[in-house]
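Paired with subunit B in one complex and with subunit C in the other, subunit A is shared by the two complexes that follow.
Moving on to the complex of A and B:
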């Protein structure tokens, strides 16, 4: 039986990249310290910030909310019902249970009730991959909720595996614009709140272990609309590299931030100059009507598509 | 039976990244054109250059020598006997047969006869991976042979798979210095000849097909000392990505050259300022004795190690 590196009690997890095993208590210590280090290194949060955590019901977003509360931050949750059949129903239940048990403030938005569409219908109506309509909807609704609720920062549960996979995709295409913007914290700009990803130094596996140790029930299924997408392929590629050479995933992402990101400052094309106000909602846009208002118009006019009708993409 | 995209005759190879099949004649045409494009895009060679091709006996170096001659370049060969048992003996025979059949000028160096060591012995004596001593020896001997023979350019057979794998390794570590120098042509600097890699737009598989179509016999074995090394692992990773998304390997390497390499100009630490002359050979070095002279001294003083004694590294 392997033992905790810190206290020599029985270990519950081995972490090859740290060349160590940890018991439940010391795994929690490690997670809290990695979050504190990320917050401090990248100046993500100030002690008195009002934080809005985007929660999906999966392990990462519930864990980051839990850890921020543990660290003493003032953090409310925001859940968006995406209308992806049973997957969304179950996800929503986990989020509400987490908030209710702890007496936390949870804001909720339901795409179908509040905006007249859902993700499967939006995907069909726009004839694009579901992740595209979903991402656009979430980004906009997080931004609006943060501004309307007077929050200083939107926090998301993106972990090291997520960020490394996105980085690999952007790197394989050498998409300089995306690479220049792939940072764990984005400052507030006109009309957009500050955004931070406190879990970038922690892996999926560590977050799953956090939830188990802390007794947090979460949605364990992958989103059925994301199955087979390229992002999951990149995660698999990185997991193979990590298995051959433990630590290479963290090194890939963190040394990017350390050595390459500084060389890319100023190479992002995301300019807020020259943007107009959307004629429907007033949000900054390059055209007359913003992408979100166009999505809402197209998707809400389309007959509802149940998730079961979408099929697998590949 | 699939047909050649150009002439509709029976095809001998399918190239998913070009979404096409080719007969032997039109595969040759494609290879010649890709080499011409690389030479022209990166200003690798002038028509009257005296070219020294570093030939190993493998498909790539024999193919690039063959293609350059086809394109009318004045190209001699240089073969270095590395002393890696049967592998080297057989490689040398293929090189000599290629040159003899065509009446070409082939220069040869034998590490054991001319410098008193071989690669297995050097690896054991320096206690480093064999590829390290091998690469150091080859780079220096190519440089010396080019200078002494009055050649304008040293050409190597590195193909797209080779360069993409090296790029992936450098990228996973974000080694800015190596990334800044990973170019298909390096200009001459004091003491070092110009170097060019005309096959960077062509794959291993295309080069194997070139040799088969042209009736060139080559060493098909991988070097036994390289088995299991990290470079081969990166090739495998890229082949998996390529299988999922044809064209991604070429896009990874060529878009690096196109979009990222320009941003890295000036970030290479390889400065020729402040170098001394080696006190034994006069070559530029940061210390008193250059790395090659130290290798020769250490390796030639060591008892000869047969390749069979080296074992697999992993």
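Moving on to the complex of A and C:
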């Protein structure tokens, strides 16, 4: 039976990329230190920042909220009801239970009630993949909630697997604009709050383990809209590499940040220059009407599409 | 042993798996993409298993592209 690398007590998890095993206490220590290092290296947060954590009910967002509180940050939660049938109903229950048990402040937005549409309907109305409409909605509502609530930074639970998978996709297409913006922290700019991803040094497996060790109940079920998407395929491919060569994911992503991202700084700046204000909402956009306003107009005018119908016609 | 799988949730009976790594290999599941839980506690790759155990194999991969 393997022993913890630090204390030699029985281990509960093996982490091949660290060539080590850990007990529950020292797994938590490892995770906290990795988050502290990410926050420090990329200047993500200041001690007195008001932080808004975007929480979905999944392991990563609840874990990052938990870790930031552990580290002493002033962090509230933001939950967006996406209207994805039972999946959304259940995810909301996990988030509310987490917040209630700890006496935390949780802000909530409901796409259907507040904006007149939901993700399945938006996907059908715009003929885009559901993840596209979902991501566009969430990014915009995170920005608005942070600005309206007076928060200094929006934190999301994107982890090393998420970032490595996106990097693989962007690299396969040599999409320079996206590569230039694929950073763990984006500074506040006109109309956009600062955004940070404190989990970029930790894997999905480590975050799931954090939740289990900490007794955090989270939604294990996968979003029915995401099943089979390209992003999950990239993750599987990277995990095959990781199995043969532990540490590959961290090397791929963290070396990109270290060696490649600095070369793209000028390009990143060019991508945000020359933005106009949306004529409907004033948000920064390259056109006259921003993508979110166009989405709301199209999706809210469409007949509601139940999630069960989405598998029949995309 | 009784094995609970997720996404979708289902159960199966297996015998003879001597360790977590052995169990995952038999089911052709990625070690990097799964955790094994017994009585609410994680079990490492070389953790011994018995045919009387009840374990959950929990997938850890999630997320859309946004």
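Going forward, the second predicted complex is superposed on the first by the 305 of 314 C-alpha atoms of A that agree within 3 Å, B and C clash if a C-alpha of one lies under 4 Å from a C-alpha of the other, contacts with A are read in each partner's own complex, and residues count from 1 in each chain.
Just so we're on the same page, a contact is a pair of C-beta atoms (placed from the backbone, for glycine too) under 8 Å apart; a residue touches a chain by one contact, two chains touch by 3 or more.
Remember, it's a predicted structure, so these values are computed and weren't measured experimentally.
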Figure out whether A:139 sits in contact with subunit B (first) or subunit C (second), or with both, or with neither. second
On the A-aligned overlay, A:276 touches which partner chain: subunit B = first, subunit C = second, or both, or neither? neither
Partner chain in contact with A:267 - subunit B first, subunit C second, else both or neither: first
Touching A:131, do we find subunit B (first), subunit C (second), both, or neither? second
Counting only touches as set out at the top, which of subunit B and subunit C does A:58 meet: first, second, both, neither? second
Which of the two, subunit B or subunit C, is in touch with more residues of subunit A? C
Subunit B and subunit C contact sites that coincide on subunit A, given as residue numbers: 230, 240
Note: in the complex, subunit A contacts subunit C through residues 1-2, 11-14, 16, 21, 24, 58-60, 129-132, 134-136, 138-139, 161-162, 166, 169, 203-205, 207-209, 212-213, 220-223, 225-226, 229-232, 235-236, 239-240, 242-243
Please give the residue numbers of subunit C that touch subunit A in the complex, ascending. 6-7, 30-35, 37, 40-48, 58-66
Parts of subunit B lying in touch with subunit A, wherever the complex brings them together: 171-174, 176, 230, 233, 237, 240-241, 244-245, 248, 251-252, 255-256, 258-260, 263-264, 267
